[in-house]
Amino acid sequence: MKPFLAIVRRDVRLAFRQGTDTLMTLAFFVIAVVLFPFGVGPEPNVLARIGGGVVWVAALLASMLALERLFQTDYEDGGLELLALAPMPLQIVVLAKVLAHWLATGLPLAVVAPMLGVLMNVPPDVFPVLVAALLLGTPTLSLIGAIGAGLILGARRGGVLLALLVLPLFIPVLVFGVSAVEVAAQGFSPKASLLILGGLLLAALALGPWAAAAAIRQALE
Amino acid sequence: MSLFTGHDLICIRGERRVFAAVRFSLPAGGALLLVGANGTGKTSLLRLMAGLGRPADGAIRWNDVDIAEDPESHNARLHFVGHGDAVKPALTARENVAFWAALRGGGDLPSPAEAGFAKAGPDAGLAAFALGPLASVPGRYLSAGQRRRVNLARLAAAPAPLWLLDEPVSALDSDSVARLRNAIARHRAGGGMVALSSHGGLEIPDAVTLDLTDFAAAAA
Amino acid sequence: MKRLDWFANPARFLKVARAVQPWAAGIALGLGAAGLYLGLVASPPDYQQGESVRIMYVHVPAAWMALFCYTMLAMASAVALIWKHPLADLAAKATAPVGAAFTFLALLTGSLWGKPMWGTWWVWDARLTSMLVLFFLYLGYIALNGAFDDPARGAKASAVLALVGFVNVPIIKFSVDWWNTLHQPASVLRAGGPAIHESMLAPLVLMALAFKAYYVWVVLIRIRAEIAAGKIRAARLRATGSAAL
Amino acid sequence: MKPGLKPKHRRLVFVGIAMALLAAATGLILSAMRENIVFFYSPSDIVAKPPSPERRIRVGGLVETGSVEKPGGGVVRFRITDTAMTIPVSYRGILPDLFREGQGVVVQGRFANQTFAADEVLAKHDENYMPREVSDAIKKSGQWKPDAKGAKP
Amino acid sequence: MKPFLAIVRRDVRLAFRQGTDTLMTLAFFVIAVVLFPFGVGPEPNVLARIGGGVVWVAALLASMLALERLFQTDYEDGGLELLALAPMPLQIVVLAKVLAHWLATGLPLAVVAPMLGVLMNVPPDVFPVLVAALLLGTPTLSLIGAIGAGLILGARRGGVLLALLVLPLFIPVLVFGVSAVEVAAQGFSPKASLLILGGLLLAALALGPWAAAAAIRQALE
Amino acid sequence: MSLFTGHDLICIRGERRVFAAVRFSLPAGGALLLVGANGTGKTSLLRLMAGLGRPADGAIRWNDVDIAEDPESHNARLHFVGHGDAVKPALTARENVAFWAALRGGGDLPSPAEAGFAKAGPDAGLAAFALGPLASVPGRYLSAGQRRRVNLARLAAAPAPLWLLDEPVSALDSDSVARLRNAIARHRAGGGMVALSSHGGLEIPDAVTLDLTDFAAAAA
């Protein structure tokens, strides 16, 4: 437990010491959402129609961007080898890094989402559902993304292609995340979608660390 | 007494055999010096010893147990110092060392080498490489040699019986080389083992030398 | 010239700063109070907009300050890059958050005003869009400035950004003339004199001057804080540095 | 690049190239301005080339004096004009404070059956600010010239 | 001229040999566009309404992603110092790298855009305008992005910071790029928007290399 | 005859003075050896000499002209070998060397040092560091020392009168060190200059030694 917490603490500290880490993910999230009205025009009813989807797509892109470097800097400075040589299973190391990453980026995304919902004309009474969906969905994104982040280490052609295969895995999270919001906006209970998001999270928890650890091990060989 | 051995080792990198039929045996307190021209496989062999790669053939054993059988126990007994220094620019020198020490359970591993150092912990590590005055300087401000010393400080901060050092003296000034020589001597006196590669610049008394140039031919 | 030497002894600047600061504070508070009284109480309602026109006394000075601060930021950055005077770095760094705050205020009051007047909080016309870009530029400046471990690197990188972003300032200023915007054209600084009646122009000018004085006040405070922080950093590095060799 | 050139001259060449590029850029953008960048179309555009009814577009102009009628149920009908052409508009909803006859507006919606069905009405505002007494005085003295700038498409 | 071509040739060769840049950018582009129907639902008229905008936003995000590494790998392996020490102005080096980058990423984006237009129900007769706008717009994005890529060298957190810096500067390109497509879709002439895109490109050509060179120089100091 | 000098140099890094009052003078055919403990500013001084940074005070001159006045001409006359090897993993050793050679105009710069090498070009560079057999191996497959040799091969592939080498022997095996020594000797015989930092391992006949440890005190 102590080494696990040491990793979480170090990574969160790095994220905050580097100060702008969390802030920048948030800023990207905000800017990506704001870009849409430029692209699709500012009709309030169209915006309201696509609002939940845009917030989700932006959250997905933001957390993907931040994920890219999850193992990269450790890989480049030789730290990843040392982490792999720590006297604990590599899966646990991965889990600690993912947890720290989520605390520093995914959690803040979920917290500010209602503000962007306002911008995109999402009805305020679905905000709790939006936040709940993001809280369940973003850790899944982090866990799946960790696999991709491991695969692109020292990437040659193969790694990149596999990483691209990971992106489509985000689609189920997106689909049910958006549907939770849409269903709630129509006044129905979003419970089914939220349950599915929870199921996806558990599945990702079960499989993600294994796959990511395998990816890291092949990168270090 | 522990014993670290390898036999009939074949290493393949980039679809090419780097060496074949390599064997080594390292008793407690022993030292193994890997030499050889560039590209003969010193780094590759050290990584096999750490378990970062698997030999294409042959086996590496700790007390006659293949290290691949229980990689975590093997990790717990070794320190690896590679080409990368793993110094985070945003953390101070002390924070860097403290993190790696914490990761290994803070030195509460029973180890024969522990006796070699009066006491362990990040500050002991910093002191062993004269980094005290730099303790609160962020990694970003360190020169090449200073970063290397931060990397080496791990060795003293959290004891482990087996040290695997890949060209540890590169970028070190002569005082630091002397400190490293000292650290190795104390480590060995406490029963620790060390395997290191070098192109010269560090004499280790009664080290067994393994010239990998001799095994390249066997590989071709 | 030399960052360290200047930090070691910025006495002349500090003397001037200490002398100017109370005056700036006094002017800001005094003119601000007068401007607010005239604007909110004493000035007449507009012939078309009625009472809503009072938002003008905050919106317009804030918008002017947004542009003014960015101009100062770009000038300070140019001085910092060319002559490498550390004071210019600090002035730029101190200006950025103030400018960002005024830009945000202009955006906020603008939308609050737009809802009753135009019938919408927001449209994507050239003036509003370029103003939003200005806000993002300020945020980018602040983020970049803080993104390096070495403050000198952050200062230099963000100075380059500030200069690049300056192209946006004339675009904001002239967007209302170049494009068909929903936002109105200039009322004060226009060919043919102000199109605002004196009774409304007076509080506007008072508020604008008060905002400027406030800027001087806050920036001086922030620069002094930065100098203190720099001194501490330098002392710590000296203490560790000499022994490190 | 050209090793023969002195550094000062080389720098001048570069600055010259950059200036030329910037001049060309300004030229292109200015000529584009003449092409009439549209935040909104004018009634003349619409009459000349009726857009497809599915497209949501913006039209800007002056509210024609005397054209505003409120048949009830929150519906407003008026005509907007650019002095050359005029199109009828119908709208249901809250009008901005500045909406009045002779004032510039931008309407958004769809153009079908020779009528513009607006779903949003934005009022334009000109640069003049004055107390009511002053505007009355000016009007009385006959110097009032309604500024059509706010409505210029 | 010879050194200029040498840089272009090397960078294009690296992009194709590693396969990562071109493929990764294209794949991201495609996936980002394809995500939309999932996010906002597959109604054909909503899609057609936002189609041009979504293609542009995706192209913009894709080319931004690829930009992050424009100078990064050279910076990390010491090559950027050597490029800065080449006997030619650093601006020319920047220009060569940007050209190579555009050939490897921007050009392919413009080429595949019509395919995605089909997916998003963009009317086929505006494809030429879409491609022309992308051909004029993407080099501008690369030039502006080069400034950002230079500024973030050695910063603590690359990708997201880059997004924060360059996305606001991309907005004019986005606005006129989308307006060209929309105006054309409404049957009017897109000439004005295209002229402005051309003007933006020339202005970026005049200023971008300078600013990027200044950014690189301060990173190496 | 050319002359490379610096005087009253002050270097500031991370808001701290690294050294002050440093001066050097390097005539054609001369060699300057920078020594000093870790962090005394060897790397920093070499970067100032290359024009990668500006001294906080003082000036560096080539034939009495400040190098900051015409950076491109200064670039044309120097080779810099730093800690990074600038070897692209996806390009072969030969492609790597050929690119850097092409960037410098393919050796058609008139230079006093040119005489030192029979002929220039990528293949000459590869040959000078015994990289011939590795010419078509991708950079990715090279060991640390092999990569360093690819980096050094630039020196022979495109001649330039001034060589600035930062710890060039690190990771090199003894044969390669001998080759480097040879290359430097030929370069100097042809009138070239070399400034290099080292923690030992490379003897340069009649080199002027500049110990930067002596100038750290002046900085504090």
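Observations, loosely collected:
The first chain written gets the first letter, and so on, giving A, B, C, D, E and F; residue counts start at 1 in each chain.
Note that in this section a contact is a pair of C-beta atoms (placed from the backbone, for glycine too) under 8 Å apart; a residue touches a chain by one contact, two chains touch by 3 or more.
The shown structure was predicted, so the numbers you read here are calculated from the model rather than taken from an experiment.
Relative to the C-alpha centre of chain B, the farthest chain centre belongs to D. The most central chain, judged by the distance from its Cα centroid to the centroid of all protein Cα atoms shown, is E. For this pair, chain A with chain E, the centres built from the Cα atoms lie 25 Å apart.
Measuring from the averaged C-alpha position of chain A to that of chain B gives a distance of 37 Å.
For the pair chain C and chain D, the distance between mean C-alpha positions equals 30 Å. Residue positions 3, 10, 33, 37-38, 120 of chain D are each in touch with at least two other chains.
Residue positions 18, 76, 87-89, 156-157, 161, 164, 167-168, 171, 175, 203, 207, 221 of chain E are each in touch with at least two other chains.
Of all residues in chain B, those touching 2 or more other chains are 83, 89-90, 140-141, 146, listed in ascending order. The touching residues of chain E, counted against chain F in their complex, run 2-3, 6-7, 10, 13-14, 17-18, 74, 76-79, 81-89, 220-221. Within the complex, the chain A residues that touch chain C are 18-20, 23-24, 27, 31, 34, 37-38, 41-42. Within the complex formed with chain C, the residues of chain B that make contact are 89-90, 132-138, 140-141, 146.
By the touch rule above, chain D contacts chain E in their complex via residues 1, 3, 10, 14, 17-19, 21-22, 24-29, 31-33, 35-38, 49, 51-52, 54-55, 57. Only residues 149-150, 236-237, 240-241, 243-244 of chain C touch chain B when the two sit together in their complex.
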